[in-house]
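Pasting the structures in now, so scroll down.
Both complexes below contain subunit A, partnered by subunit B and then by subunit C.
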Partner chain A sequence: MAAMLHIDQLRTSFAQSGKSLTIIDGVSLTVQAGETVGIVGESGCGKSVTSLSIMRLLGKNAEMTGSIRFEGKELLTLSEKEMQKIRGNEIAMIFQEPMTSLNPLQTIGKQIGEPLRRHLGLSKQAAKERAVQLLREVGIPRAEEIVGEYPHQLSGGMRQRVMIAMAMACSPKLLIADEPTTALDVTIQAQILELMKKVRAENHTSIVLITHDLGVVAEMCHRVIVMYAGQIVEEAEVTKLFEEPKHPYTKGLLNSMPSVSVDAERLEAIPGSVPLLHEMPAGCRFAPRCSHVMDICREQNPQLLPVEGGQKCRCWLYQEGDER
Partner chain B sequence: MGSYLIKRIISLIPILVGISILVFTILHLVPGDPASIMLGTEATPEAVAVLRAEMGLDKPLISQYLHWAGGLLQGDFGVSVHTGEEILPQILKRFLITLQLTIMAVVIGWTLAIPFGILSAIRSHSKTDKVIRILTLLGISVPNFAIGTLLLLGLSLYFNWFPPIDVVHFWDDPAEAFKVFILPAVTMGIVVAAGVMRMTRSAFMETMDKDFIRTARAKGNSQWTVVMGHALRNSSIPIVTIAGMQIGYLLGGSVIVEQLFSIPGLGQYVLDGIYQRDYPVVQGGVLFVALVFVLVNLIIDLIYTWIDPRIKY
Partner chain C sequence: MTKPLLEIKSLTKHFVSKKGFFGQEKVVRAVDGVDLTIYPGETVSIVGESGCGKSTTGRCILRLIEPTAGEVFFEGRDICKLSPADLRGVRRDMQLVFQDPFASLNPRKTVGRILEDPLIVHGIGTAQERQKRVEEIIEIVGLSKQHLSRFPHEFSGGQRQRIGIARALILRPKLIVADEPVSALDVSIQAQILNLMQDLQKEFQLTYLFISHDLSVVRHISDRVAVMYLGRVVEVADKESLYRNPTHPYTQALLSAVPVPDPKRELQRIILEGDLPSPSNPPAGCTFHPRCRSCMDVCRSEIPLLRQKEEGHWVSCHLE
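For the complex of A and B:
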């Protein structure tokens, strides 16, 4: 059986004042039916661009090469019309900012009803009834009244529930959640994650969860992909990633996570910052910030290769034997 | 809403009182008065003084103002010093002409501006956008008397077509009225279009960058639905604002265009009043225009609440 989502050697670049800036450089990943895959990394590592590439929502100056197959269907060669039939229907998306991601001038009911009317051809009345039902499913009280209200009348957590209801309206096979809890209070975050788990269990939805919060990853994901500067540096089962991180960057991320059990005075931070797009290091992109840096790291970028323990890692520490 | 309306209408009173004082004072500061203009340059100072006394112009300014304002309170705008005609019926008659012209100019302007403004925004930096923006710049920078003269000359020279001179109301003869007003309306419409089009473009470009537009696309909507169903209403507040101001100005009478096409509108009425130092005409005319302007703005403010449910008064 074909995977739900199979991305192969995706390269996304943007044309900017005559030059081409590559944001995603050779990303390959697979999501199976019912699986939740997390994509983690710092701001600017290309997580969000990856998700928008899948939806083909990047605008005219973006250029994509490689392959994105959804249930065996190549998305990169679909026409815009065919892509519209997939968006919101088979692949849905929720965004980071529930405060600004809803249309401020449309009622909640109309916004939830929109994909229903468009993809399932429901009548106005039927769409409204289904919207009430969906709002109840995502745990919104007074659903009958809320459908007639506007986004500004709801709190952030409520709005994110509305976003989830909207995304789940056509029972998509794949849900892309781009930092769905980042903008919310901690207590609300937990509720939203619970809701996503519930939705996943009920619909058997595959999820691509984009986050920089490793706590969210541990809570939700089966498999994790760690991205750095537009490339995948490590891919692992979620337990493996926390128990035996391989890549120095992954280790750095884990060490910079606050923990109650570790009695450390200071959190460890990864020194330096993500390299700028037009100043990518020639060798390993993490080399300038890496504590294990060797000579070869500065000259050649390592490949993403399987290492012991079943995970994949892009680091010279683990491939000296194979490569040389 | 009801109490807001009442508050707004009450707040009109100080605005109108202020304007009446202002226009009265400025007018009386201008050298020359109706008496000396009526009698001409050869008149003896004695004759002028007699006429001034007859017209009440020798009284202190304050009592002249109170006399005029007192009349206004009873709905009496007074009579023209020059022709002796009642002023209010004249104003209303001419306002109807200006109103017809304004409506036509606005319809022409918006039907040009809004579609092209949207097109320009969603294809920003394309060739289409560049052509539209250059035309807009022309529309803004070429003065309307030049546009009007060119239209008039072009049509009469090459097509031997002259707009009829006698003003006809739409409700009497729509076809004839259309002929009378089409040239001045196009002239004014071009200026209206240029302003509205620039605002439409910038408002749309801002809206199309918003997160909820991305959400609308992520739901599988077509470009048309995204633009017309989501972006249009969200961009319309600044567009309505500038449109309201333009309507306010146009209703005050476009002196130059009215003069050029010899249309006896409100602007021309006030202008003639100024030439003849016809104090009551100018005062009444300006006050009426101010009232219209303020009322148009009130209507625009009410339209805001209909566009955006977050705006509450």
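For the complex of A and C:
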């Protein structure tokens, strides 16, 4: 069976004042039907640009090479018109900030109705009825009244529910969720995560979940991709990632998190900070912050290779399949 | 028994907003009778969700916002009654670290100037002495002298937060109120800043009032924790006691909602229904009752008081 989404060697760069800045450098990933794949990393690692590349929502100064196949269909060569038929229909997206991603001048009902009318050709009346139904499914009380209201009249959690209702309107096969709960309080986040699980179970939707929160990853994802400075540094099944992280960066991330259930005297912080785009290290991009750094790390960037345990890791400690 | 450094008694802040010209006055009860005591050398955290009044409480303590009612004793003196001149003296001993390291540093001043300003304001030392202190403090927070001539935009978020901490620290205060100091930072940087704050606490015998929405960070840094909901403290306890044995239904729901980075853990989550009620029209009785799963009749009419359940563990709930 063909994968739902297959990205091969995606490279996204932006032309800026005559120079080309590469944000995503050779990202490959596969999402199977019904699978939830998490992309984690800190600010600036390229996780959001990856999602926007899939949707082809980047500006005109963006240049993408490689391949993004959705159910076998190459997205990078589609015309804008063909892409519009896919967006919001077969692939939908939930953004981080529901306030800025909803139109403040349109009623909730109209916004949810738009993909329904556009992609499914429903009449105005039918779209409104379906919108009410969708709002009920995402647990919004007084759905009949809410369809006539504007985004500013709703709370953050409610707006995110509206976003989910809108994304699910055309029963997409693939849902891209970019930090869907980051702007929300933890009790509201818990509500939204439960809702996403329910929606996923009912529609058998594949999800690409982009987040910086490893707790959310552990709860939602089947497989995880860890990104650092525009590249994938580790890919693993979710339990493997938390039990046997391989890459020093993944280990560092896990160790630097304070825990709500265990006491630690001191956190193991990763020293330094993420390198800037125009001063990427020549070798491994994590080398300047890595505690296991060797001579070779400073000279050559390692490949993302399978390591023992079924995961993939980009690190000289594990090259050629054996542990050094 | 040691004397408390800071004692807050029925601290209240009501914001009055008016809708339209003839509109009715609306009172937002941001902080509604908060009691809290902080002893020298400890870290007390206020934790709660957006709109619970935790930041307003922090600001009222420093009188950056004038409290509507209540008392704040700092080393036995009620700072709400101090004249502006006396207040300035006290503020040397209580400093604030802000959440957003991008917005809280003046972009037109060099880091050296930002750090020297508090010394100038309080008339401390000669120019040379001030320069020496600035150079000392920048190294204490893990940056170097070369950074002093640069401007805030040249630094990363973590470095800016170090500058914010240095600015608070340069007056050698006794109390630092840190309002979400690590919320804007990535986790690897957040760990650096938390470690720095712990090191500084040991070195300078600091007392922290730490305000945060992040229960994991709060568990890591605190000695005692106060949970706020809709302008009131619903539970205060030692960290161990609170996390092991959360007693207020809101604290229980809050703790159970935190996603744990362990995919094998069975979820036993209490999902709260609905949203936070508006603080301008809080529910009668216990403000948490419309969302509480153990709601009883008495909760709808009577406001529960903070009662001591165990030694040092206070809860405001009608449940026995």
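Basically, the second predicted complex is superposed on the first by the 316 of 324 C-alpha atoms of A that agree within 3 Å, B and C clash if a C-alpha of one lies under 4 Å from a C-alpha of the other, contacts with A are read in each partner's own complex, and residues count from 1 in each chain.
Convention: a contact is a pair of C-beta atoms (placed from the backbone, for glycine too) under 8 Å apart; a residue touches a chain by one contact, two chains touch by 3 or more.
Please read all numbers here as calculations on a predicted model, not as lab measurements.
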{"item": "Partners on subunit A (subunit B, subunit C) - clash or fit", "value": "fit"}
{"item": "Subunit B versus subunit C as contact partner of A:287, first or second or both or neither", "value": "neither"}
{"item": "Touched partner set for A:84, first subunit B, second subunit C, both or neither", "value": "first"}
{"item": "Which of subunit B and subunit C A:102 touches, first, second, both or neither", "value": "first"}
{"item": "Which of subunit B and subunit C A:226 touches, first, second, both or neither", "value": "neither"}
{"item": "Subunit C versus subunit B, contacts on subunit A by residue", "value": "C"}
{"item": "Subunit B versus subunit C as contact partner of A:304, first or second or both or neither", "value": "neither"}
{"item": "Which of subunit B and subunit C A:75 touches, first, second, both or neither", "value": "neither"}
{"item": "Touching partner for A:7 - first (subunit B), second (subunit C), both, neither", "value": "neither"}
{"item": "Touched partner set for A:188, first subunit B, second subunit C, both or neither", "value": "second"}
{"item": "Three-chain overlay, closest Cα atoms of subunit B and subunit C, distance in Å", "value": "6"}
{"item": "Contact residues common to both interfaces of subunit A (with subunit B and with subunit C)", "value": "none"}
{"item": "Subunit B residues touching subunit A - in the complex, by the definition given at the top", "value": "210-212, 214-222, 225, 230, 233-234, 307-310"}
{"item": "Subunit C residues touching subunit A - in the complex, by the definition given at the top", "value": "49-50, 156, 158-159, 186-192, 194-195, 198, 213, 215-217, 219-221, 240, 243, 253-265, 267, 269, 271-272, 274-276"}
{"item": "Subunit A - residues contacting subunit C, complex", "value": "42-43, 141, 155, 157-158, 185-191, 193-194, 212-219, 238-239, 242, 252-254, 256-261, 263-264, 266-271, 273-274"}
{"item": "Subunit A to subunit B touching residues, read off their complex", "value": "55, 57, 81, 84-89, 92-93, 95, 97, 100-106, 114-115, 118-119, 150, 152, 163, 166"}
